[in-house]
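Chains here go by letter, A, B, C, D and E, matching the order in which they are written, and residues are numbered from 1 within each.
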Amino acid sequence: MAPALDIRVPLDVPPEEEERYRENYHKITHGTGRLMLIAGDQKIEHLNDDFFGEGIHPDDANPEHLFQIASRGRIGVFAAQLGLLARYARDYPDVPYLVKLNSKTNLIKTSQSDPVSSELYHVRQVVDLRDRTGLSILGVGYTVYIGSEYEPLMLYQASQIVNMAHKHGLITVLWMYPRGAAVKDERNSHLVAGAAGVAAAIGSDFAKVNPPKIDGVIDAALLSEAAAAAGRTGVVCSGGTRADVPEFLQQLHDQIHIGGMMGNATGRNVHQRSLDEAVRFCNAISAITLDDASVDEALKVYGGEK
Amino acid sequence: MAPALDIRVPLDVPPEEEERYRENYHKITHGTGRLMLIAGDQKIEHLNDDFFGEGIHPDDANPEHLFQIASRGRIGVFAAQLGLLARYARDYPDVPYLVKLNSKTNLIKTSQSDPVSSELYHVRQVVDLRDRTGLSILGVGYTVYIGSEYEPLMLYQASQIVNMAHKHGLITVLWMYPRGAAVKDERNSHLVAGAAGVAAAIGSDFAKVNPPKIDGVIDAALLSEAAAAAGRTGVVCSGGTRADVPEFLQQLHDQIHIGGMMGNATGRNVHQRSLDEAVRFCNAISAITLDDASVDEALKVYGGEK
Amino acid sequence: MAPALDIRVPLDVPPEEEERYRENYHKITHGTGRLMLIAGDQKIEHLNDDFFGEGIHPDDANPEHLFQIASRGRIGVFAAQLGLLARYARDYPDVPYLVKLNSKTNLIKTSQSDPVSSELYHVRQVVDLRDRTGLSILGVGYTVYIGSEYEPLMLYQASQIVNMAHKHGLITVLWMYPRGAAVKDERNSHLVAGAAGVAAAIGSDFAKVNPPKIDGVIDAALLSEAAAAAGRTGVVCSGGTRADVPEFLQQLHDQIHIGGMMGNATGRNVHQRSLDEAVRFCNAISAITLDDASVDEALKVYGGEK
Amino acid sequence: MAPALDIRVPLDVPPEEEERYRENYHKITHGTGRLMLIAGDQKIEHLNDDFFGEGIHPDDANPEHLFQIASRGRIGVFAAQLGLLARYARDYPDVPYLVKLNSKTNLIKTSQSDPVSSELYHVRQVVDLRDRTGLSILGVGYTVYIGSEYEPLMLYQASQIVNMAHKHGLITVLWMYPRGAAVKDERNSHLVAGAAGVAAAIGSDFAKVNPPKIDGVIDAALLSEAAAAAGRTGVVCSGGTRADVPEFLQQLHDQIHIGGMMGNATGRNVHQRSLDEAVRFCNAISAITLDDASVDEALKVYGGEK
Amino acid sequence: MAPALDIRVPLDVPPEEEERYRENYHKITHGTGRLMLIAGDQKIEHLNDDFFGEGIHPDDANPEHLFQIASRGRIGVFAAQLGLLARYARDYPDVPYLVKLNSKTNLIKTSQSDPVSSELYHVRQVVDLRDRTGLSILGVGYTVYIGSEYEPLMLYQASQIVNMAHKHGLITVLWMYPRGAAVKDERNSHLVAGAAGVAAAIGSDFAKVNPPKIDGVIDAALLSEAAAAAGRTGVVCSGGTRADVPEFLQQLHDQIHIGGMMGNATGRNVHQRSLDEAVRFCNAISAITLDDASVDEALKVYGGEK
C-alpha cells in the first residue's frame, strides 16, 4: 500500500482555498500522496516528433488520442497547454487536468543559445476557465531551466506561479531541468538533487526531474539525494525515452521504492501506443504508483489480466 | 459539396459570446468549415515589392485595390492591418475583415538576425473598433516564427491573442512559419506538421502554413501529416509565389482533397491582377474551396463563363 | 489652386472626436489637404549642429528663434518635443503645434548600432496638455526606422500612437526612414515607396520621407511610386540639406506637381536664416504648398515683393 | 554589554507603521541594535552543495533541519525564500523570519556572464502573508551585485524593496557584493566599503558584506572603513567558508569589536552541523553578537557549559 | 547683483501647482535665478573614492557630514538619493533637498560597456514623501548619458521625470553627459552645447554639464554656446576635480560672468574638507553665485572674514 496521505497545506494557500487544495491534492494523488501524471505538452516541446514516425502507432497522429487515453485510463492528472484543453475538454469533462503554462519548441539547441521557456498563459486565465466551466483543473505546471542565462526569468515566473496557484487552491508541478552552456552534465545526481531543492525553495508541491545517471547508467538509488533535498516537495521522475514495458515498469518501481520518488510523469511511453495498449499501460503505471503493486502485478494489468 | 459544418466552440469562448463565435465561424467559412482568406498585409511584410514592378498590374499600386477586390469578389475574409482598415473600411462596409495583429518588413534577412514580429495592435483595440462601428470584423491573425530566438515572445503573444480573441467571439488564424538560424529546411513536411501542431496546442481555429516540399517539389500529399497533427484546428495553405492560373487552382484542389487542407490563404496571386481579373480569380478559388468545384469548373469561373 | 479638401475621417476616430479631427486636418493643411510642416525637433536629433556654426545665422543659436519663425511665418504646423513646447508656448499661443513624440541624438552611427528612437512622451500627456491649456496642438509625430533591428519596437509604438492620437482627434505624421545594417540604399525609390506604404498600413494621416535618388541624383518623378503606395496617407518630403532658395523652391514645386507629394517638411533650410529671412522663406514655401504658386511667384514672396 | 538600542526610524516608514518598525527592529536585534541572522537561502544559491557531501552532517540533507535550528537556537532572524517558508512555517510559528526576495543558482560563473539575481517575490506578497497568517516576518532581504552589467536592474529593485518594505514596517538587509567582469578584487576593503555605502544611499537598515582581505588574509580592522561609510546602516559580515569553531568565534568577535560590525550573517557554518551542535553554535554566536560575550565565554556556550 | 528673478512657469506645471513651482524656484535660487547645488550622490556614483583616502578630511568618512554641511552652509539645494535622505533628513529638517533619482557605480568603464543609469525611485515616491513629511524637497535630478547605447532608456526616463516633476511643482536638474563608445571627446564645447540643448528640448529647468575644454584646457568662454543653446533652461557647471580654492572660485566666477552659467553644482570640492572649512567654502561659492561677489570678496568669506 502507498503511504497514508498526510496533506500539509502550505501557508500561501489562504483559508478559503484550503478545502479545495486538499481536494485537489487528494484527487491528483488518488489519496496516496503519489502523483501519476500523463504529459501531453509535447506538441510544442517536441513538435510532431513524438506523434508521427517509425515505431509510433497511427492513433497518436491525432491530438484527440491524448484525451482518449486520459479519459479511459486510470491517471492522476493529464497535463496539456490551455489551448489544446480548450478545444477538446468539452468532450472529455471527466478528465483531471493540469495546465502546462510554458512551453518551447526543440528547434534551438543549447549549442546555439541557452534555453528559455516563458509563460504562455497566466494562472489567472486558468482559474477563470476552471471557475466558469467547472472543468476538473487540479493544478498547473511550469518548466525551469536552471543554469540557463534565462534562469532569472524562469525562476521569477515559477515563483509567482506557485504563489498564485496556491492562492487559488491549485496544485503545482515544476519541471526542473539543469540546462545551458554552464551545465556540463545535466544527469549528475548531485545537480538533479539541487534542481529538486530549488523547487522546494520556491514552494512547489511537486518537482519533476530527469533520472540521474552515473557513467551513463540510470540507477534509482541516485535519486535519494533529490528526494531528501526536496523535503516536503514530492519528486517525480520522467520515464524518459521509450523503453520496453517490463524494463519501464521495473524502473518506475525502483524510482519509488529505492529512490523515494513520489510518483511518475510519463508522456511518449504512453501515448505512442494504440489507444487500447496505452490505456492498459496507464493502468499498469497506476498500479505501481498508486497501489504499490509489484512489477509482476503491474505487468498483468498491462496484459489485461487484471 | 464541402463537408457540413460542425462548429465546436472552444471552451475559452464564454457562453455570452458563443453565438457570435458560431456566426463568425459560419460567415468566415460560408458555412463549409473551409476558410477562404485573402491576405492584404503585404504592405508591411513585403514593402512595395508585391504592389509595383514588372508583371504586376498597375491597379495594384493603390492600396484601395485590395478593398475593391475584397468587396466585389466572393471571399471568406480579407486580412489587413488595423490602420489600413481604418482608412478604407468606411467605404467598404460589407467586406468581412480579419485584423492582422503583427507584421514586420522583409529588410532584415535571417542571415543577419532571427525573425521577430511583434504585436502592433491589441485584441482589445480590435474589439473596440468592431463594437463601436459595427464593422464585420470576424477574426484576428498573427504570425509565429517557431525556431526563432524570439519564439518565446511570439508564442506568448499568440497564446494570449487566441485566448483574448475567443473571449470576444473572434475567430483566430495563426501564420505558422519555422524560421531562424536553427531551421535548416522550413518546407520539410514533418516540421510543417509540427508548426501546425503548435497552433493546435495554443488553441487557434486555423493555422496557415507554407506548402511543404520534398526534393524541392511541392506535393499536396505531404500536407496530410500537418492536417492530422492540427486536430480540430483547420490548416490552410498559402498559394506561395505567383503561379499560372490552372496550375494554381490544381494545387489548391490537391491541397484540399489530397492534403486535407481546410481552405486557402492567398495574397499576391490575387491582387497583382487587374481588378476584374482578380475578382474572377477570387471567385474561382472560392468555387474550389467553398463549393467543392473541380478545377475545370473553377477555370470556367475564372474565365467568366460561370 | 491646391485641390479642394476632401477629409476622410479614419474609423479609429470616434464619433465624438470627428469634428475636432476635421478641424485639425483643415487647420494643419489650411483647407488644402497639403501639409506645410516646420520641423523644430533637431535640438535632440542633430544636437547643436543645426543651430550654431559656419553659415548659420546667429539668431538660430537661441531656441526661441524657432517659435518666432513659427509665430510670424505662414505655416501649417510647427513640430517640436513636448518639453521645448512647454517652456515657450505660453508666449506663442497662436502657433499651431505638432508634438514630436520620439527623438534620438546623432551620436551613434549606423555602423556602430542600428538606430532606435523610442517614445519620450505618451499621447495621453499631449492630450492632457492640450485639454488643460487650450493650446493649438493639432497633431503628433513619430520616427520609424524600418529595417533596423529595433523596427518591432518602433512599428509597435507608431501603430499605437496613430490609434491613440486618432482616438483624441489628433492628426499624425510618421517620419518613415529605412535605416540599419540591412539597408543598402535608403534613398532607393522603391524602398522609399515601401516605407510610405508602411505608414499607410498603420493608418497615419501623413508620412514624411526623404527624397529618393537615382545614381545619386534627386528626381521628383521617383516619388510617384511612394505617393501611390501610400494611398490615402499623404506623403511629404524633406527639404534635405541646405540648398539655395530657387533650387529649393523648384524642388518643392516638382515634388508636389511631379511627384504627387502632399506638402513639405522643412527644418534647417528655414531656421538657419535670420528671423526676417526665415519668415519670408516660410511664406514662399507656403505659397507653393498651399496656394499652388509657381516658383517665380514664390521667389517674389521670398523677396518680400508679395 | 552591547550598546543600548537607539532606533532611528527612517522617514520612508509612515507614522502608522513606526511602532511596528520599532518592534521589528527591536526583535531582530534583541534590543541590542546588532543583527544575528541565520541564512537559509542556499538551496537556490548553492544548490545541494551546502547540504549534502563530505563533512556535512546527514541532518542537513532535509530542508526542515534549517527550521529546527531556527526554532531551537537563539537567533535574531532566519532568512529563507517565501516558498520554503510557506511549506514549513506553520510547524515553526515562533521563528522570527526574514524573506529573501531574490536568489540565483551558482551554475553560471562570472567568467561566462555577469551575475544577475532578480526578484522572485514582491514585498506586497510578503506583507500579505504576514498580515493574513500572523507569522513573525520581521524583514526582507535582497542581494545586489554592484559592478555587474545587470547592476541597474538590481539597484532599482533593491531601492524599491527598501522603500516598500519600510512602508510596511519591515526591516531590510541588503547582501552587497561587488562582482562581475569589471571587478578585479571583490574582497578589497575600499571596494567593500563602497558597497556598504551604496546600501546606505538606498536606505537599507543593514548591509551584509563579505569580509575584506589584504594579501589574501582577512583582517577585521579592514572593516572599519565600511562601518563608517555605511553611517546609520548597520554592516554585518558573513562567516564565509567553514572554519573551526574557536577561529570562527574569534573572527566574529573581532569583526564586531575591531571592525565595528553590527552583527553577523551565518549559513553553512551553522547548518552543516548536527541539530544539537548547530543549536549550540547559534547560541555561541548570539552570546558574542547579542551579549558582548568574550570568545571564551562563547566557547563555553558552544560546549554546552552555559 | 545677480539678475532679478523672472520665473517663467512651464506649461506642464498645472495651475494648482504654479505657486509651489514659483516658491521652489525662488528658494532653490535664493530669488536670483541662479542655482547653488551641493551634490551628495557620490556614495553610489564614486563608491567610497570621494569619502576616504589621501587628501580627504576624516570628517567625510561619515555620510552625516554631507547633511551637516548642507545644514550649516548657505546653499541652494542639497542633492542625494532618497534612501540616504530618509535616514538623516528627520535630523536636518531645514535643509532644502533635491532627490537624485538615478545613480550607477563607477565600476564598469566605458571601454567595457556604454554607461546606463536607470531610475531608482519614481517621482511619485518623492512627492509622497514630501507631502507626508513636509520636508523641504524642492526638486529632482537625473543623469542622462547621450551617445550611450542606452540613451533611449535615459532620454525616456528623463522626459517623463521632467513632465511628472512639473506636474507636482518640483524643479528639475538634468546632469547631461555625452559618454559611450560613440563619443570621442566628451568635453568638446559644441557637444556640451548639444547636451545642454537636449535638456532644453525635454523641458528641464536646469542642465548640469561638465566644463568644456579646448586642447585639454578649460576656458569659460567655451560655455557660451551651451548657455545659448539651452535657452530658458539654466545651465550650471561642475567644479570638476579638486582644485585649490582661489582657482576654483575664479573658475566659478568666469563660468557665470563669461560663460553665462546660471549657477554651480559642486560635490567633492566641498565635502572632502572638514565641516568648518566646507561650510565656509559653501558660503564663498554662494557669495559668487547668489550675491555676484567678486573672487576676492568670496575668498574673504572662505577665510571667515565676512
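As a convention for this text, contacts are C-beta pairs under 8 Å (C-beta built on N, C-alpha and C of every residue); 3 or more make two chains touch, one makes a residue touch a chain.
From a predicted model like this one, the values you see are computed outputs, not experimental measurements.
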How would the chain A/chain D interface be labelled, same or different, where same requires over half of its residue numbers to be shared? different
Can you compute the centre-to-centre distance for chain A and chain E, using the mean CA position of each chain? Integer Å is fine. 58
Where chain C and chain E are represented by their mean Cα positions, the distance between them in whole Å: 36
Would you give the residues of chain C that are in contact with at least 2 other chains, written as numbers and ranges? none
Among line, ring, star, complete and other, the chain touch graph is ring
Can you give me the ring order of the chains, beginning with chain A and going next to chain D? A, D, E, C, B
Within their complex, state which residues of chain D touch chain A. 41, 43-44, 47-49, 51-53, 61-64, 80-90, 103-105, 107-109, 112-113, 116-121, 125, 129, 132-133, 135
State the interface residues of chain C toward chain B in the complex, per the touch definition above. 8-12, 14, 146-147, 149, 151-153, 155-156, 159-160, 162-163, 166, 178, 180-183, 190-191, 193-195, 197-198, 200-204, 225, 228-233
